[in-house]
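Each of the next two complexes has chain A plus one more chain, namely chain B in the first and chain C in the second.
Our next item is the complex of A and B:
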């Protein structure tokens, strides 16, 4: 088992290295020049051609791609992600500053989507051919189809503007304060969780449908075990693996930043950091934020794998 | 989003490497997609004005204290006074720092750190500094109750930082070719000597926030963004550049600000910003989304305000490409375009834009409403002119040809809503006279790159809406890569050079108008419109005017305050 873990870690290293190279070259191949974009916002006449060239040279962009990449790798080995071309701040600081809002949102959305998924998943499988099951089915189909930008604006309109119960935007920068921080968190987390929650409901429903027809479930019923106990003791446990897989994939994606929801809710997370960086062709920042997202994704999947081992004893002997 | 499994009856146990690969691919794709989809901020540029928006001022008595929450759509790039670029950065920086002068809505200089200035000769500018202007105290460099005065040494240090190529200041290349020397005459007098007479020195210095020599010596020129210590009316309290920037009143300022706090709230989605205004979560929205304007202006709780001066937007010919090198062709195409009806289709409110007939917007010296007479809309005549140049529809397919070549080309626009609509409408108008126009909208960075490379046939662009704007739109030696039309006209260059060296405002305005007439005659651009970004302001906010050159909250003629509710 240890060798398997080491092998996985090595694979992750290779994956990150490939990702770093892919992003490094892609951002430089995408048309658009970082300094040209920067100066297009400045007062007319600022930044002539010679000056732009000197900025290019200072950033090392005049060197061949592979030489630049080698330099970048050397930096990375020293734990240095470089400096943002736009703000001049170290990339690692920028990522650090955007991490808390992203994790807060991702965590809340994960919990909400798990709750919704399990609730609606049970409702779908137990409520077949009943009116509330049909209702849940319609709700889930609607939720799967709902685009998150539209859902976000709608929620802001209803709860922020018309009812006035919740703030219309933003993240509370001044630490985690009750009740301000959760009040700001509700709408974005809800928006972010609707879609994965609905998909998870379908996933649980289909898994339960198979499990509930298994012989051991019939045996359990036969020896007089009630529905609740069948579900908790036998059926749900066997749907845990797909749920963990799904949750890991979702959280892994959220941890890299949720672009649309962060934009609609003025949430200063990694997703918006990355989008701004791409619009500005802020190379070091794009690379840093992407590498971070990739590493977070890999790490979370690695944790999910360890959880499989805990959940399913059979896997320990593979 | 990643692999979503609908209705699979087995646990999704794809081999992990496959999942990881899918995940990483998704991340890479997101980056690539974002490159294509992001709408970058427009060119904007600083705008100046002469026609101030006069506010119906309530009769309430000014109140002291309170906070003003301003919603802005764009992330503040940096608070570094030497390296800022965008308007949003400047709006925040000028609350904390002060240049020698600022400009009001009428385009007149407002004394800030300099109280007066004179020209003993055309190349020499002598600035007298304000007595009692002090550096903000209560920070790493100036402890509480320090009374460090702003002196000539600070101004000299700042300008020399800008002029030193090693510092790579935003204004380096612009000022280095103008300024010969900077010198402190005494504690409160600075002498700036130019290489040649230069009319726009005040405007340029109006973009240079003065930093403290002591701060520079202590933290280094590269670290100023982390130590925003200025002499302006507000101090930085907390900065999260893409979320919230909080400023607090500087009690040592020579005009005491009435606001205790100013909060810049970054709300990237403009319709959410409008809702935040309506729900009372913010007090001012700097950019209302056009479609919300009719509704918000009908609401008694708010005022919709336009800035004093607009931003110039235009369609240009790339004169490096035939047949656009031919003035007759450009004249014909100009006749086929009806800009007024295009604007009616693009803008839901008249306060948002007015048709442009020349490149100098109203509110900028040299604006000339008489230019309208030089444009006529006459598609019939356009067809005749094109036929006279040999372009006729011989094969009756609706598209003109000459020597077997069809008149087809690409009109390229940036992907912001208004300019891309303009491109589509104008393309339709040109199709009506037999031109085969394809519209291509590009992401901002790609658009800029194509323009710099001279690749677009015709393009939609904007900018240069400043007193010196014509230089960077039309002067063949100074033209910006973003406005690359290939236009080259010795007479225009001469007039602009002469204007640039004319410090007398009235004489310069005449030269500017003369140059502008020539430019319009040459049909370099089809002027589109002057765009006025509308702000939404709650009625309990008093004395507020939307940013024109910069956001002025505290000035001799205003001191923004909020009514307690």
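Our next item is the complex of A and C:
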């Protein structure tokens, strides 16, 4: 058990290191130069070759790849993620500034998608061959196929423009102006949760279908337990593992940012930061942001594995 | 610990597809006492499989219709569009739904929305088919070959596949797309680079189940080479689940293309593309909501119809459906 955990942590470290090396070399090997992009819109002559070269040398980009990587790792050990090649700001500050909106959005979307997934999953499995079950099925099929950009725009149109209930863009720091901050969060979180909620509903439906055929469920019915109690006491508990796995994967994905939703709602999240950094070839920022996103993803999935042990005691003895 | 995670990462559909193979193989066992005709292993098994595949699925032709309609619209689109989707007419900009000559109105450049939607089907279907063809061919070959031969290459490639699958597809696609830059060719390259893994894993697992079956052994016994066994005996027998996965994959490719197009990393203007139209229409949501709503519906209905197709092809292992 303990050795398994230690082994797992070591594996995660190796995975993170290989991810960072892969990203480090790939962004440098593909065509495109951060300083050329920076000066691409400038007046002619503003970014002449000699000047660009001096910027390169100052950033250490003229050194061999492995030397650069060794230097990067050395700085990383001191907790230094470097400075953005574009703005000159420390990468850690840039990430920190986008962290709160990202986590808020991810958390809210996770809760919403779990709620929706469990609700519709139950509706799907209990409502077979009934009109409301078919309706829920159609809704889930639609939600699975809905592009999140389109979902966001539809929600903005309905709740923002037609009904005028909710603000349609921007982020307000929590705690500053009640109830503006949560009001700004509702539409982006709802948009982000639709697709995973629908996928989760399908997952729960297929798992419940197998669980409800188990002998212990029949026994429960036979001794007179009602449907609700069978579900809450017996069946749903046994669908917990896939739900936890799914929730961890989703939250891990969201924690790295949700680019489309951030774009639709002008949400200052990590996803947009990373994509812009990649498009601008802001090497240090790409490395920092991917390292952060990768670490968050691995850590959340590690927590999910620990939760399996809490949820299913049988696994502790393996 | 890792298995539970990769299980969820793979689509549920892929799982149930893989299950159907062994049951079918068992049903195809020869009747005891009946003399074994070596010919049935070569032609019979293969034809039987394809025949079953088609006959079983013929009863779900209703589910085929939407996908076939979309494919047809994509193919014959230029012949049926009411207007040229590229012709701008600024004096006819932002016409409402139901205007004479423009049944769904016009966009901010006065281009006919219906014609652009029909051409958008062409773009989407073309992207979807291209990606699925490239990723499917490459992934199936790699997966089938590594599964059949095994060894060091197999474990190295599967490690690579695991590593590619470990990180979420949407994030990876965006990262690669941002790295390669916008454009149709780069979009296809991105989604192929990330998409072959699914086929490789599915093909590999199917081959692993099937390669110890008797008809493979029989083919080997009569002296067939590895290439012949792979292409004439194994591939036809695993084609069903792979086709079903491909239908599902076309849907998800079209969905991701719409998202990437919306972000500006996919097809470039002025080509009509649903994701791009979504982004352009977003600015006019108050005055002309149809510009964003119709492309959204187009993407959703298209993806739904391919998912329906996948379900129809996958319905084989549910007894009530076949």
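Keep in mind that, in the parts below, the second predicted complex is superposed on the first by the 311 of 318 C-alpha atoms of A that agree within 3 Å, B and C clash if a C-alpha of one lies under 4 Å from a C-alpha of the other, contacts with A are read in each partner's own complex, and residues count from 1 in each chain.
In this text, a contact is a pair of C-beta atoms (placed from the backbone, for glycine too) under 8 Å apart; a residue touches a chain by one contact, two chains touch by 3 or more.
The model shown is predicted, which means the values in this text are computed figures rather than measured ones.
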Which of chain B and chain C A:210 touches, first, second, both or neither: first
Which of chain B and chain C A:142 touches, first, second, both or neither: second
Touched partner set for A:201, first chain B, second chain C, both or neither: neither
Most chain A residues touched (candidates chain B, chain C): B
Partner chain(s) touched by A:4 [first = chain B, second = chain C, both, neither]: second
Touched partner set for A:88, first chain B, second chain C, both or neither: first
Which of chain B and chain C A:55 touches, first, second, both or neither: first
Contacts of A:268 with chain B and chain C, given as first, second, both or neither: first
Partner chain in contact with A:40 - chain B first, chain C second, else both or neither: first
Which superposed partner A:170 touches (first chain B, second chain C, both, neither): first
Set intersection of chain A contacts, chain C complex versus chain B complex: 8, 15, 18, 26-27, 30, 32, 153, 156-157, 161, 202-203, 206, 241-242, 245-246, 249, 252-253, 256, 259, 263-264, 274-275, 278-279, 290, 293-294, 297, 301, 305
Chain C residues touching chain A - in the complex, by the definition given at the top: 1, 4-5, 7-9, 12, 163, 166-168, 170-171, 174-175, 178-181, 251, 255, 258-259, 262-263, 275, 278-279, 281-282, 285-286, 289, 292-293, 295-297, 299-304, 307
Footprint of chain A on chain B - complex, ascending: 1-13, 16-17, 19-21, 23-24, 26-28, 30-32, 34-35, 38-41, 43-46, 75, 77-78, 80, 83, 85-87, 165, 168, 170-174, 207, 222, 225, 238, 240-244, 265-269, 271-273, 275-276, 278-279, 281, 443-446, 448-450, 452, 463-464, 466, 468-469, 471-473, 478, 480-482
Complex contacts: residues of chain A adjacent to chain B: 8, 11-12, 15, 18-19, 22-23, 26-27, 30-33, 36-51, 54-55, 58, 86-89, 97, 101, 153, 156-157, 160-161, 164, 167-171, 173-174, 195, 199, 202-203, 205-207, 209-210, 241-242, 245-246, 249-250, 252-253, 256, 259, 263-266, 268, 272-276, 278-281, 286, 290, 293-294, 297-298, 301, 305
Chain A to chain C touching residues, read off their complex: 4, 8, 15, 18, 26-27, 30, 32, 141-142, 144-151, 153-154, 156-157, 161, 202-203, 206, 241-242, 245-246, 249, 252-253, 256-257, 259-260, 263-264, 271, 274-275, 278-279, 290, 293-294, 297, 301, 304-305, 308
